[in-house]
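First up is the structure itself, then whatever we jot down about it.
Letters A, B, C and D mark the chains as written, and numbering starts fresh at 1 in each.
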Amino acid sequence: MKLFTLDSVCKSFAAKTGNPTRVLNDVSFDVATGETLGLVGESGSGKSTIAKCMLKLLRPDSGSVVFDGIDVPNARGAELSRFRREVQLVFQDPYGSLNPRMTAGELIAEGLLVHGLEPNGAARRRQAQHLMGLVGLDPDNIDRYPNSFSGGQRQRIAIARALACRPRLLVCDEPVAALDVSVQAQVINLLQDMRAEFDLTVVFIAHDLAVVRHLCQRIIVLHRGEIVEQGSREEIFGNPRMPYTQSLLAAVPIPDPVLAQRRRTAVQEA
Amino acid sequence: MSLAPAIRMRTPRVKISFQGACVSLLIALLVFAALFGPMLAPEAIYRSDILSSLQPPSAAHWLGTDDQGRDVLWRVIVGTRTTLLSAIAIVTAYSLIGVAVATIAASGPRWLDEALMRVTDVGLSLPSMIVALGFAAALGPSLQSAIIAQSITGWPITARILRNVMHQTMEAPFVAGAHVIGVSRWRLMTRHVLPNSLDVLIVKWTSDIGGTVLILSSLSFIGVGAQPPSTEWGAMIAGARGYVSTAWWTVLAPGIALAITSVAFGLLGDMIQAWRDPSLRESR
Amino acid sequence: MMMQPNPAGRPAPVPGEAPLLSVDNLCVSIRVDDRSVNIVDGVSFSIRRGERVALVGESGSGKSVTARALMRLERRMKATGSIVCDGRDILKLSDGEMRRVRGGTIGMVFQDPMSFLDPLRTIGDQIAETLRIRGVSRRDAERKALHILDELKVERAAERLTAYPHEFSGGMRQRVVLAMALIGDPRLLIADEPTTALDVRVQDQVLALLDEISRSRGLSVLFITHDLGIVAGFADRVMVMYAGSVVEDGDVYSTFAAPRHPYTRGLLDAVPRIDRDSDRLASIRGTPPHVFARPQGCPFHPRCDRAFERCVIERPVLRELGGMRVACHRPEPEAAR
Amino acid sequence: MSRARSYLWFFAKRLGTVVFALWSLGSLVFLMIKVIPGDEAQIAAGPDASPDQVALVRQRLGLDASVIVQYFRFWGRLLHGDLGTSITTFQPVLLDLERTLPSTLELVVVAMLINLSVSIPAGLIAAARRGGRTDGLFRVLAVILGGMPAFWLALMLQYLLAARYRLLPISGQNSYGMEPPRWTGVPTLDAIAAGNMASLLDALTYIVLPAAVLAVLYSTQIFRALRTSLLGVLESDFIMAVRAKGATERRVLIGHAFPNSINPVLTLAGTQLGAMIGAAVLVETVFARRGIGTYMFNAVAQKDMYAVLGSVLFIGAIVCLINLVVDVLQIVVDPRIRAAQFGRS
């Protein structure tokens, strides 16, 4: 079943001089209920712009964005409210993505408050504490401000905040790119657990193909605002058809000196 | 790399504690003088006593007497209230205008933002002291005129800075995050954007008091503000300027009071900035 | 050159030859309030001529500070110990002598090429500056700059010399930064996360270039990175840093095959791999400690599954262990995997 | 859009802002005239005028027309350069201003030169010795000097240096009999033009104190701005890269850090020019220089409203034009701003 549909989405940004730059060119894809879809591409591929269009942070110039029957760019009132409840976002930057003037508890419970899901303050607090426990944070830290948490812990807060409204779709925009290797693994594992726990559909945006391979069942490769190739994990990583995808995969370093050496000799021979 | 902010946030604290002590002391003195000065002052400073005019500093009159024989030190102390109250009134008035303009510009439609900023540009490009001088002269020379004139002309810088900061804040990822979670426009502005933008206003409000005190006294000196018998410091200097060469103390004292006030509030602003700046704050 | 690349591509050690760089008990400290905090805490290692060593660590491990200390670029920090490079102790040189080492004996490449270029000067100017400082004439310096850009496979190099940094792409900028470091003909190149800000394909190109140049010039390289993939592909030897000290040091093949320090082991297991599917990543619990809050004893013990009482009390020193150096009271078994 | 066209567009926009500013200023002045308490005609006719005379004046000044008509007439007069007539000098205000402007400009230009030649070296030294004693001393000085009211400093220094120790003349622009033949109206320039060294030296002794006093506040601002800017730039990555090339600290500071720090300083100096013209009013008054400031001061004292408001308008217009020039200069200096505004070359 299709949960999210993008059809021929185009987006351009005005440039100071010259013609507007086109960041998305005729992008179409579906997100099926329950799947984890990876969007990969280098900087300038348009992957973050897609995320913004999907989340109604940007309005596409043309094309349609539909979530479960909601026309996203034109959603208003009750429809918009449902959209905001059911689609959530986890950002890259664990430092800028949490309001520094709100406590962990306020941040996590904000969704419950603004959607009127839990009008009782004490109950909201209990739920926030429960969520903190769920994402591996000490619930006793509920009244602390974001800057007293480490990068990985903030990302856990961000995940708890996104999950508070029990969303159906989670968009993750480079959620682990800014984290240390040892912490990155924790957050990836947490995302996997939460996906199962909350029965989530996930759109995972990243430049790190290894992480995408690990997490996603289906992958879309983007390049300069266009979809180059899409397919299952097996197709993309086992048998990439497009030269761009091949070059991208060939460039990813492998943490194994023997394989790296083998690959280097292969390139030199070719 | 993650280290750099950690280092910066720790080092200034030591310096602040020394500077802070001095500044707090000065501010406390000023506030005390403003609150209690007029109550404690001897009644004689309001009457002229030509016989004891222009006396040099002595045990009876620590900073001497002026041309009317009034104690200079007491007049300076009494003048604190006028000066501080006026400056606070001015800065508060134009800060409110500035906040209103900035908020409308930052949250309103693009064309309104553009229009308001063009108007602000104009305000910025005009020399505020000259315009204030014109206004004050037109309203008739008095302290009130000077206050009104400065209130009208002071807001553009505040509006511009605050609007830019609010725009910056609105670009922050957490504002997009609040959008996505579905907060209302009102909550977005009041809970997310404003609290993270007002630091700059607090800092500016504080340090502007120092500058405002100087302009206010300048206007009085030139004759469009408070008029001579007043204890406003600028007016005192204007009244005493004829006696510089015979009685330098009559000019010295109010000038030093002005300098202390402006330095103290300027430094207080710096300190608040160092204290409130999130990048300077400790992460734990 | 004296060394022959062995089949695996790394130079064979020449017995008795003095290393190009040897660092002994390097401590770098910073004054905070009234106490001094060691950011780098007793690091010792050496780099042979032509050897490529990777220094791996997470944020706060002190890897960048170590690199900069080698050039005495951390001006507000105090370094003790000894850094002998090409027979001279860096820490004992006068400022004037140190300046001749910078850009001369040691060249340095940085992480984000845009922020490491002066936005107001032309590329040619900035590359030539290293030589201009040493009294080379403008014409000669510019000719050399052109030459080096050619060596780095920059197309239309002559036109590029008069361009400004903002007119370049990320990969081109990194080549410019590389040219700035190489034009003084250094013996040692310190590369501080030089590809972290780049896209994978550009990163691959820059790495290949660095590989080729270091080989052809017989250059020693100290490569600072957090990416274990880059280490495996580029370095001969890897040193792992944690909380200010080197916890493991060994050649890449043995280290990646069988890491002896639990932290190295944990890092290797925590990285998702492009070349195989995995269900779940092994992760290290907790977070790397902040510089100001490093634990007593072994700094890794709060996150370590193998820790026992001794780890809490006594900080392990780096010791020889089967051809590698490991700082651990209870290292992983030799053939762990 | 082509580069030339984007340049043109930029200048058009800036010019538009200036025109808008001048229009606002003019309207403000009109508003000021209207808020003056009391009957304008009565004031113009004098306190002793009979009702008939007042009525006549009202008619002659066009005050019987509607405010809107008056507003347009006001602009009509302004565009013809008519700023009204002074009731003290009995001359057109514009003529008075033209006569007094050179002296003010001289003061401001000399003050700006003093300002920059003190604050920039001080800023460089302080940044180079960050945290050291010199740095500390300069910063304390900047704080203290920055808090001093200019008119008070003028009075005190005038008393000390001129009246008490007689190192410098007390007030005025030239000694008696030393005036160079008037050509530009700027004493120093006229002396140079006349080739009269004695006269030039004389004029310089008269200007140095007022200009220095005027420069004090502004040089502390430039000092602080430059120091902050330099410290920021010195922390930036590319400075480390320059050091890694083996550059001397001198080269780092002068060759790389300074050019990259100068932008905010230029912006500030530009806005200062305007503010300095405003503050010159205070300094001129104390030193009795024949500039716009003294003219305004006298006008305020005499309640000569047309002269006051004419001066406001005039100074405002000059400041607007200076701002325009500074904007343009900045574009010329910095390739980054150029690139941001007009695209890559």
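The rule we apply is simple: a contact is a pair of C-beta atoms (placed from the backbone, for glycine too) under 8 Å apart; a residue touches a chain by one contact, two chains touch by 3 or more.
In this text, all values refer to a predicted model and were calculated from it rather than measured experimentally.
S.K.: Starting at chain C, what is the smallest number of hops through touching chains needed to reach chain D?
M.R.: 1
S.K.: With a step meaning a move to a chain it touches, how many steps does the shortest path from chain A to chain B take?
M.R.: Contact-graph shortest path, chain A to chain B, evaluates to 1.
S.K.: Taking each chain's centre as the mean of its CA atoms, how far is chain B from chain C in angstrom?
M.R.: Inter-chain centre distance comes to 51 Å.
S.K.: Averaged over CA atoms, how far is the centre of chain A from the centre of chain D? Could you give it in whole Å?
M.R.: Here chain A and chain D have centroids separated by 55 Å.
S.K.: Where the CA atoms of chain B average out and where those of chain D average out, how many Å apart are those spots?
M.R.: 22
S.K.: Find the geometric centre of each of chain A and chain C from their Cα atoms only, then give the gap between the two centres in Å, rounded to an integer.
M.R.: Whole-Å distance between the two chain centres: 32.
S.K.: Give me the residues of chain D that touch two or more other chains.
M.R.: none
S.K.: Quick one: which residues in chain B touch 2 or more of the other chains?
M.R.: 283-284
S.K.: Mind pulling the residue numbers of chain C that touch at least two other chains?
M.R.: As it turns out, chain C has residues touching two or more other chains at 59.
S.K.: Using the touch definition up top, name the residues of chain B that touch chain D in the complex.
M.R.: It is residues 118-119, 121-122, 124-131, 133-135, 137-141, 210, 214, 217-218, 221-224, 234, 237, 241, 244-245, 248, 251-252, 254-255, 258-263, 266-267 of chain B that touch chain D.
S.K.: Using the touch definition up top, name the residues of chain C that touch chain D in the complex.
M.R.: That would be residues 68, 71, 73, 99-104, 107-108, 110-112, 115-121, 129-130, 133-134, 164, 166-167, 177, 180-181, 184 of chain C.
S.K.: Chain A touches which residues of chain C in the complex?
M.R.: Within the complex, chain C contacts chain A at residues 8-9, 58-59, 199-201, 203-204, 207, 226-233, 252-253, 256-257, 266-268, 270-275, 277-278, 280-285, 287-288, 303.
S.K.: Spell out the residues on chain D that touch chain B in their complex, using ranges where they run on.
M.R.: Touching chain B from chain D are residues 17-18, 20-21, 24-25, 28-29, 32-33, 35-37, 143-144, 146-153, 155-156, 158-159, 163-164, 271, 274-275, 277-279, 281-282, 285-286, 296-297, 300-301, 305, 308-309, 311-312, 315-316, 319-320, 323.
S.K.: Can you list the residues on chain D that touch chain C in the complex?
M.R.: For chain D paired with chain C, touching residues are 236-238, 240-248, 251, 256, 259-260, 334-336, 339, 344-345.
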